[in-house]
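The structure's right below; bear with me while I get my questions together.
Here the chain labels run A, B, C and D in written order, and each chain numbers its own residues starting at 1.
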Amino acid sequence: MEDQTQHGQASPEAQQRIQTSFDRQGLMSHLGARITHIGPGRVHIELPSRPEVTQQHGYFHAGATSAVADSAGGYAAFTLFPGDAEVLTVEYKINLLAPAAGDHIEAVGTVLKSGRTLTVCRLEVFGVQGDRRKPVANGQQTLIRVNRPEQ
Amino acid sequence: MEDQTQHGQASPEAQQRIQTSFDRQGLMSHLGARITHIGPGRVHIELPSRPEVTQQHGYFHAGATSAVADSAGGYAAFTLFPGDAEVLTVEYKINLLAPAAGDHIEAVGTVLKSGRTLTVCRLEVFGVQGDRRKPVANGQQTLIRVNRPEQ
Amino acid sequence: MEDQTQHGQASPEAQQRIQTSFDRQGLMSHLGARITHIGPGRVHIELPSRPEVTQQHGYFHAGATSAVADSAGGYAAFTLFPGDAEVLTVEYKINLLAPAAGDHIEAVGTVLKSGRTLTVCRLEVFGVQGDRRKPVANGQQTLIRVNRPEQ
Amino acid sequence: MEDQTQHGQASPEAQQRIQTSFDRQGLMSHLGARITHIGPGRVHIELPSRPEVTQQHGYFHAGATSAVADSAGGYAAFTLFPGDAEVLTVEYKINLLAPAAGDHIEAVGTVLKSGRTLTVCRLEVFGVQGDRRKPVANGQQTLIRVNRPEQ
């Protein structure tokens, strides 16, 4: 899955579908996160630094780092689904590699394997300060595709 | 570690130290989480339901569930440290067992192994609705003890 | 799932089915592992100490420890399936808590959540020396139920 | 860490040190595994297909796949250590992406982050059949550096 196509844009339909779903995630707007890239099998989410997302030493809280990483992976999986499917996180594992600092963090979710039922994603988070982009977390996530619940 | 002592209270000094650290976590107060139990090797954190912590279907967001689970495990490890040490999350893995619903979720962090450098915790999260308490997530976490940075 | 029923025996049919499958795992007999308990939602596997299962310092190799833990969890899930289903490991995470030493190690797989498609198990491994039983590894595993392939 | 240097060879001293340690792992020779590449921060291990490493359907057992992945990551970390240090696996998480089949499997351990105490590695396993190389497992591992025990 990790080829150049991931750096392109997803179809307008998929982009619309994902942005709509993201906008319904109360947590993402409460944290101040926003989607910055939607490619086929790859989604980027940015979270700006502010006191509301910190741990006790002023770095990004592992929970905030994980939340945007989890959402980036979920939507990366979602880009490869048909319009009537939903995605749920089965589980993920994340290593916090370094204190997460910077103007913002950027979470990148990338599909490693897209199966009929299960999808596996790589999760990467970077601390960004001006031109500097430093890895702060790395993880792996399993997702399940489910039929959209009746509206 | 999983004996009855964990259901008792930690020393007043440890309780104070943990509450002070928790109060400095901008994310926890921004989410609306609060510590409800501090025992030796075990900490409980509650997160009430509200739109600001949801995913797109109105359940608790996996990121919110993980954030309180991670903090519960971190503080559980912290209860067994001397006063001049700090704790950092090395990594954790969490399974989302069921949609997280209820009046609130309760995260329980329990120390499985407390070593000189590394601590391993079990993470459990329950969805609580009135008298009903249902497991919604289960995880495992590795933490490292570090010297407190100079103030 | 973690109630006393797990300490009972599984049905003779389930025990037979699991023993037959286990006997077809070339790796388990090559390592010298054997099933010692088959309860509903819980399976124990023992691996005796011998040079063929060690790492460079003479302890049980993490790979051997993981292999029996993975099999114990897989068969624990299998005890709760109908006779025509198969189980595959989706993923697992394991912490090596202490050097694995002893006459043998005992892996215990316990079902935490049994769903229609996915099952989540807890994995525990103990180093056993005479009367002494010490935790050496702790993990969590996700499994998927699949239809038995045509013979 | 993931730059071209990883595709080069480690120093003769490091290669010797790692081969010696590997040769003392009873499990690796019992399984029939061998090291095929030792680069700075990257190690490859091959495991040929044979009945002794299978699960009940004739594929490579997840435990065998994990064992070589764990060793590949451990030795990848080891390439970056001074000669008097040892490495222990703290934990790892692995997703089994597809049934592991082929003439042999190849495990690739790559250092993502090398710290003073902890190292984090990416684990990849491929099923190889002639010219075809297919991903069968993907994981992430945490290791700790310890002083070599007195001989």
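General observations
Assume a contact is a pair of C-beta atoms (placed from the backbone, for glycine too) under 8 Å apart; a residue touches a chain by one contact, two chains touch by 3 or more.
All values reported here derive from a predicted model rather than from experimental measurement.
Following the contact convention of this document, A, B is the list of chains adjacent to both chain C and chain D. Copies chain A and chain B of the same chain sequence form an interface built mainly from equivalent positions, shared numbers / all numbers used being over half. Among the remaining chains, C is positioned farthest from chain A, on the basis of C-alpha centroids.
In whole angstrom, the spacing between the mean C-alpha positions of chain A and chain C is 33.
The geometric centre of chain A is 23 Å away from that of chain B, both derived from CA atoms. In this assembly, the C-alpha centroid of chain B lies 29 Å from the C-alpha centroid of chain C.
Along chain B, residues 90-91, 93, 95, 120, 142 each make contact with two or more other chains.
Viewed as a network of touching protein chains, the structure reduces to a complete graph with every chain in contact with every other.
The part of chain B that touches chain D in the complex is made up of residues 90-91, 93, 117-118, 120, 142, 144. The residues of chain A lying in touch with chain B in their complex are 21-22, 24-28, 30-31, 50-57, 61-64, 66-68, 70-71, 86, 88-96, 149. Note for the complex: chain C touches chain B at residues 93, 95, 97-98, 112-113, 120, 122, 135, 138-140, 142.
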